[in-house]
Amino acid sequence: MSMDNVWIAIKQAAVGAARDVLYPLLDPVLPAWITPERLMMFASAVISVVSILVIVPLVMMYLTWAERKVVGRMQNRFGPNRVGWFGLLQPIADAVKMLTKEDIVPARGDRFVHLMAPVLILVPTLLVYAVIPFGEGMIAADLDIGVLYFLALSSVTTLAVFMAGWASRNKYSFLGGMRAVAQMVSYEIPLVIAAVVVVMRVGSLSTVAIVEAQAGLFGWFVFQPWGLFAFLIFLAAMTAEANRSPFDLPEGESELVAGFHTEYSGMKFGMFYLAEYFSALAQCFLAATLFFGGWKGPLLPGWIWIFLKTFVLVFVLFLFRGTFPRVRVDQLMGFTWKFLLPLALTTVFVAGLTYYLPPVPGWIVGAVLLTGTFFVLMLPNRRVTLVRRACRLEN
Amino acid sequence: MTATPLSWILLLSAAMFAIGLFGALSRKSAIGVLIAIEIMLNAANINLIAFWRYLHMPSLTGQMFVLFSITVAGAEVALGLAIIIAVYRHMRTIHVDEITELKG
Amino acid sequence: MNQWLFVLLALVIVSAAVLAVTLRNLIHSVLSLIVVFLGTAAVYVGLEAPFIAAVQVLIYVGAIAILLLFALMLVRAKMGQPTPHVTGSWWLGFILASALFVILAAAAFGIDRPAPPAADVPDVAALGTDLLRQWVMPFEAASLLLTAAMIGAIAVAIELRRQSRRSAP
């Protein structure tokens, strides 16, 4: 029995136990509306939820460790290496620090909104893990509208960022919050359109159907021209949605103190920190599902493949952080509205066009059209230098 | 474990609509009025989906209607807020009972 | 949908709506409005319309609520204003709203149909197909409307910036 089936076997065992052991045991005490089927459904859901809530934070904790190590090495220094071998206990030290710090609320701030913002940012980022297929048959909820559910919940975090910036009654928080909201709202559009390209070709919003449609040796969507460009757009938009470098202007340490989470300390800051990493990890999982074939791959069990693909994407995010300088706010907005959005629309068009053309000429036509559009779109996006802006100010 | 009677859902949407109407008629701030209008729109949408579910299910008319209603609501809020901001810049107030002159 | 679950949702929605129209602090009012939107999305899920529920969250919570908050920020809605937040004739609105509720409730009580089985629900693919076959005209009209709204909003906002720059020293 391979590892693939262990989780499914656990689930079946739990469901069977609910039906055969738990229900007869509790039967005299339960009200009439709790039938055996409902208890089985409940047991199945509990297993899914508990496994997500245990594994995802664990993975995320060591992701933070990995990021600090990788970025440290890129900056020619060791990462954390004091706490435990190779700094492996660093995430635990961070968690203890966050739990024991004093919780400071600004005196004139809006207490209720200040409290609600971390909650509102964390809950949706955990809810989206329900539609990610971690392996064959290993999904918490195979919704008909999986991708749309994911995208809808990702857009709720924008609200929480605004609330955090507003409630702190602090110029830096406020400015950071405004910038973050403008950035997240603008980058949501290419993100959604890139996801729509894949949904359009597959014909279904269900993540399981999308993975099933990428069967075969070169069946991953990233090997198609429209898939590759959609992936690149998705990558850029995902980096901006998660407020990570090079798009981390809202929380840029050198610019805005800490942006919208300046006035947060202790566990509330911990929740913002968690939400940022959960969100980035979830988007990488979605990218692996949409473009890289999810859990499909030869030899190894499915869940290893999807984790491998996701970790490669997360490593790419770490590389971005260590390499690129921070993008200025007008460059940020120009990038999405004048470059990513037209490119995304062209990708949708090309994906539709190549559906009707035969495979090989379609691939060539698609590749040529998209590469052409890419270079054409670089023309209106040449750098606006500071000299030109100074001249405009004089007039 | 019976299903919800249709009348209960219609009651909810009637209550929401009445609350929204009260807000639209009594709020002083123009944005408060917009908030109340959004509540009214949501009430109407719930009504549409309820009738779709209980009466017309195989056809998708109810859902289509709601889809377009949500779209139009989005456009209306965007434009309404742009106009409110324009009025604010001109008259320095958004209280509906102080914006009484057409001359700008 | 289970009736007690629906009653719970209805209570949440109605209380949030009441808060939304009566709170003095407009930011809190918008937050209650967000609860109304989320509750409505939950009702849609219970009524076998998950796509509409997701669209509701995506558009209402993810865009319209943020737009309202941005506008509040731009007109500098202060917290805890001493001035009254309802107009002088609010009692008239209350009477009219109550009368409307009584009429609608009276009409609603007579209607009771059994719900068709959930297996008959058309799926999301049927929605997509219908949108581009039977409903293509409203679809195109909606896209035209959105374009016009976008252009109009930008036109209203931009013109003012030029005016204010000219008037500023």
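Quick notes on this one:
Chains here go by letter, A, B and C, matching the order in which they are written, and residues are numbered from 1 within each.
Simple rule for what comes next: a residue touches a chain if its C-beta (ideal position, glycine included) is under 8 Å from a C-beta of that chain, and two chains touch if they have at least 3 such contacts.
None of the values given here were measured: they were computed from a predicted structure.
Nearest to the global CA centroid, when each chain is reduced to the mean of its CA atoms, is chain A. Pairwise, the chains sharing the most contacting C-beta pairs are B-C. Between the CA-based centres of chain B and chain C the separation comes to 5 Å, rounded to the whole angstrom. Here the spacing of chain A and chain C, counted between their Cα centres, is 27 Å.
Separating the CA-averaged centres of chain A and chain B is a span of 32 Å.
For chain C, the set of residues touching two or more other chains reads 51, 55, 63, 70. Multi-chain contact residues of chain B (touching two or more other chains): 1.
Annotation for chain A: no residues touch two or more other chains.
Taken in their complex, chain B has these residues touching chain C: 1-12, 14-29, 31-32, 34-36, 38-39, 42, 45-46, 49-50, 52-55, 57-60, 63-64, 66-68, 70-79, 81-86, 88-89, 94, 96-97.
Of all the residues in chain A, the ones that touch chain C in their complex are 110, 112-113, 116, 143-145, 148-149, 151-153, 155-156, 158-159, 162-163, 166, 178, 181, 185, 188, 203-205.
Contact residues on chain C toward chain B in their complex (touch as defined above): 1-3, 6-7, 10, 13-14, 17-18, 20-22, 26, 29-30, 33, 36-37, 40, 43-44, 46-49, 51-52, 55-56, 59-60, 63-64, 67-68, 70-72, 74-75, 77, 83-90, 92-94, 96-98, 100-101, 104-105, 107-116, 120-122, 126-127, 130-131, 135, 138, 142, 145-146, 148-150, 152-153, 156-157, 160, 164.
Interface residues of chain C facing chain A in the complex, by the touch rule stated above, are 27-28, 31, 34, 50-51, 54-55, 57-58, 61-63, 65-66, 69-70, 73, 79, 123-125.
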